[in-house]
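Presented below are the structures under discussion, each in the form of structure tokens.
Both of the next two complexes hold chain A, though its partner changes from chain B to chain C.
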Partner chain A sequence: MTDGRRQHLCTLVKNRLGPYLLRDVEVRGGEERARVDRHLLITLLSFLRRDRDAHLDMLVDLFAVDHGPGEDGDNRTRYAVHYRLRSSRLPYRLTLHCVLPEDDPTVPSVVSVFGAAHWYERELYDLFGILPDGHPNVRRLLLYPGFAGHPGRRDYPRAKSQPLVPLRRSAVTTVVVRGGES
Partner chain B sequence: MKRLFDTIPEALAPDLPLETGHEDLPLLPPDDNDVIRPDAEEALTSVSRKGGALVHIDNPRMGKHLLWTFGPLHRDLPFMLQLRAEIDGDRFVAVDPEIGWLHQGIEKLLESTAPDDAFAVLAALGPDDSVPFDIAYALAVEQLLGLDEDIPGDVQRFRVILLELSRIRAHLQVLSDLARAHSDLRAEAVLTFSQNTVTDLLRRLPQKDDVVLHHAIGSLAASLPGKQLESLSQQLTAALAPAQAIGQLLMQTPAFVDGLGGLGPLKSRRAVALGLSGPALRATGLADDVRVRAPYLTYGDIAPQVACREQGDALARFGVRLDEIASSAATVVRAVQKMDGATLTAAPRVDGAALKGAGQAAVSIEAPSGELSLVLHCDDEGLSRVRVRGPSFPLAAALGPLLAGARLDDAITILSSLGISGPELDR
Partner chain C sequence: MNPLLPLFTFAQAQSLAVLPFVGTIPSGGLLPWAQFQGAAALGPAPGSAVPRQADMLVVVGQVSQKLAPILQRTHAKMAVPSWVVHVRPPLPARPSYAGVESLEEIIPVDVVIEGDPPDDETVARGLAALEDRVRGRVPREAT
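Here is the complex of A and B:
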């Protein structure tokens, strides 16, 4: 694949949506990468999914990276959430990432654009405590409700022990009628 | 639609003593406490609250809904998995799979492990066969170190051979599981025999003097096993002949075709929206394969044939895997033929310090059940993030939509047809 074709997607975005949407564009390993502000994420993903020339209709992966607390106390770039996209028809791949500050680890949920993001965003919350704003059902995915903390974070001690939680029984339940009566 | 298991949180937890058949705790049948009122009764309640009268209700669901939990330990489930299901008669209304039971912390462990030692950790992701994870990890580290353009051709072809043997083994296991789900014990025995033979080949081939050849970065851990490679094609053909014969026979058996046909149906657009790849996607008619779309190693020269079916159901997934066994065997033969017998030097050891400030690497390969994505991030201190997303993750996420509307006794067949690996999910 030539460099010209490799930069197809970022050029397409710049031409159609404006030059300032994508930042830090690079190409490595046959894959384009770029940074996007979180408030523009849904707009950009919707465009990339629906545009015929981009046709990035598959969400391959969605994950977070914790860069750890900043040495000089600057925690504005502590987390990054990565979206790996590819096309089911064209030989293109693109990874977008949003940078999040430590005091506001929130990204807009992209479930409305990619249904496959449902579990990825639950995992994002579970392991990193990053809240997908607008997700239809945010709860833990791999860990249990009584788990304290988010073990994907770099400041989570690897040897940390967790409180014991009682086993809940499922044999007898109360009747709950749809509509709110019991 | 609001689902019952969102409404009754206390019914969600597993009851391990009950489900494992502890003597002191007999398994209880569902009672009235588990019964939820049908739609018509709900509508009556709603109307009477407003002071009106119910005249007509469209398509009332008169069956009573039960909330039931299967697993996480159940003899029919292939791994630790809990299916929390809302049931109407003998059909699923909604299913919520729960996958977090092992808490292995593999990604966290990998972040603090030197590249050469990481293969021991990756083995936990595929207890039966970790070849796809091993090779994806090696490719990612090679990309980080800038070695990816310099990997000798024979090393790449050897990796291709291992990946294809791994694919054949995994496909035979899925076919065997489907034959068992269909109670065809003869077919299961033949397929399991072939699977064991291929597993044996896959274990013996990369072993040399207690060294695993592909557990190395940039090359192999030792020189190639020339004699074993010469006889590999014949051994593989002999091992697969009975499996392919019984597989073709099953595809022509009306009871088998009727049993699997129409189960867990998917259209290609729906499969793409669910993020599926591999045989599950190719069974919907979309010829999507990372080996062909973005060739890695020497797949560009070997050009494996992509198997496709149109129906998108469990039978089509069976057919795709059966076709891919033949295609992968042909790929192995071509890769062996293209070996040029070059003298290889063993790869030097790579420790964690080599990765300091190396940046980011992302690798995607075609694993047996779909795309395996592996991403490495390095900062000034070394490896800071390892992300392993196996094909089982989107497949397990799709279980809910796939099982909704299906009959209870088809659940295991649909689950088996997807080829989900439990340890890969619960990383």
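Here is the complex of A and C:
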């Protein structure tokens, strides 16, 4: 976005949502980000979607970040969930994010506002164990039923696999052919 | 030994019906499979998509833990003798929670063709190695 448009969106969001933002709109990595309280998420998203001036009517991405255990054991800001919005008519982009504590990793499900969030929220649950409260069908999306743990979390051992079939080698030997050999 | 056996194994090696099994492909899209098909003039050709009528299973890309039981079932349904070729990119340095690290622990694998994607020559050398096995020039199992 050009600086003028960026400024315009920042002002717009500040004017309309100012009292509801936990932090001012900031620009990080070329994107506008605003931190909000998770309990206001649905209200704010549906407002931004309906508002004629913002018209942020597309949910282009929804993802979580695990920041790991905080310094001196403070786990109140362990997870963050980001909602990336775009406008289909106006040249605007905005990311709303909310921070979740380790002991209560739940967000309200936004499927009622953006249908596109359905599988994203299943992915949140699958990989991070963040429960979308009110989601119509919370199941694992990428991994299989019976998988224990959530591999997106930092405390999941990276190489720990959970095979569905017993592993054993047969008597057949394997020839490996690599490129660049004669 | 049956004097016609070399002729029989030659015919067998030249007429393998291929069943493709596409796993996850980290990069290059379907290129490994396209590359493999480009080398089909060397003998094996895609047959029907039915494991019971295939002689040769070509696994393309890394296989995830979720796909492993399906792959094992597919392999079990193939007629004996069945041959397995794995076309895959070089293994990542660090194993992942989701992928099968070595396919040999799931099904018996005859030839691994490594490359991202493998070039024609590598595919041809891999198929030559397989032909040696089918024709009995090289033993299939370690003695």
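Just so we're on the same page, the second predicted complex is superposed on the first by the 149 of 182 C-alpha atoms of A that agree within 3 Å, B and C clash if a C-alpha of one lies under 4 Å from a C-alpha of the other, contacts with A are read in each partner's own complex, and residues count from 1 in each chain.
The rule is simple: a contact is a pair of C-beta atoms (placed from the backbone, for glycine too) under 8 Å apart; a residue touches a chain by one contact, two chains touch by 3 or more.
Source: prediction; values computed, not measured.
Trainee: When both complexes are superposed, which of chain B and chain C contacts more residues belonging to chain A?
Mentor: Between chain B and chain C, the winner on chain A residue contacts is B.
Trainee: Examine A:F47 and indicate which partner it touches, taking first as chain B and second as chain C; both and neither are also allowed.
Mentor: neither
Trainee: Does chain B (first) or chain C (second) touch A:R158, or do both, or does neither?
Mentor: A:R158: touches chain B and chain C.
Trainee: After the superposition on A, what does A:L143 contact: first (chain B), second (chain C), both or neither?
Mentor: A:L143: touches chain B and chain C.
Trainee: Which holds for A:V60: it touches chain B only (first), chain C only (second), both, or neither?
Mentor: A:V60: touches chain B, not chain C.
Trainee: Does any part of chain A touch chain B in one structure and chain C in the other, and if so which residues?
Mentor: Shared contact residues on chain A (touching chain B in one complex, chain C in the other): 142-144, 151, 158, 167-179.
Trainee: With touch defined as at the start, can you tell me which chain A residues reach chain C in the complex?
Mentor: Touch residues, chain A against chain C: 142-144, 151, 156-165, 167-179.
Trainee: Along chain B, where are the residues that touch chain A in the complex?
Mentor: 2, 4, 6-8, 10-16, 18, 28, 31-37, 42, 45-46, 67, 69, 99-100, 103, 105, 107-108, 112, 143, 148, 272-275, 277, 281, 286, 288, 293-294, 359-364, 371, 373, 375, 377, 379, 384-385, 387, 389, 393-394, 396-397, 426-427
Trainee: Residues of chain A touching chain B in their complex?
Mentor: Chain A reaches chain B through residues 28-31, 33, 57-61, 63, 65-68, 82, 84, 86, 88, 91, 93, 95, 114-116, 118-119, 137, 140-144, 151-152, 154, 158, 167-179, 181.
Trainee: Enumerate the contact residues on chain C facing chain A in the complex.
Mentor: 65-66, 68-69, 72, 90, 94-101, 104-115, 118-119, 121-122, 125-126, 129, 140-142
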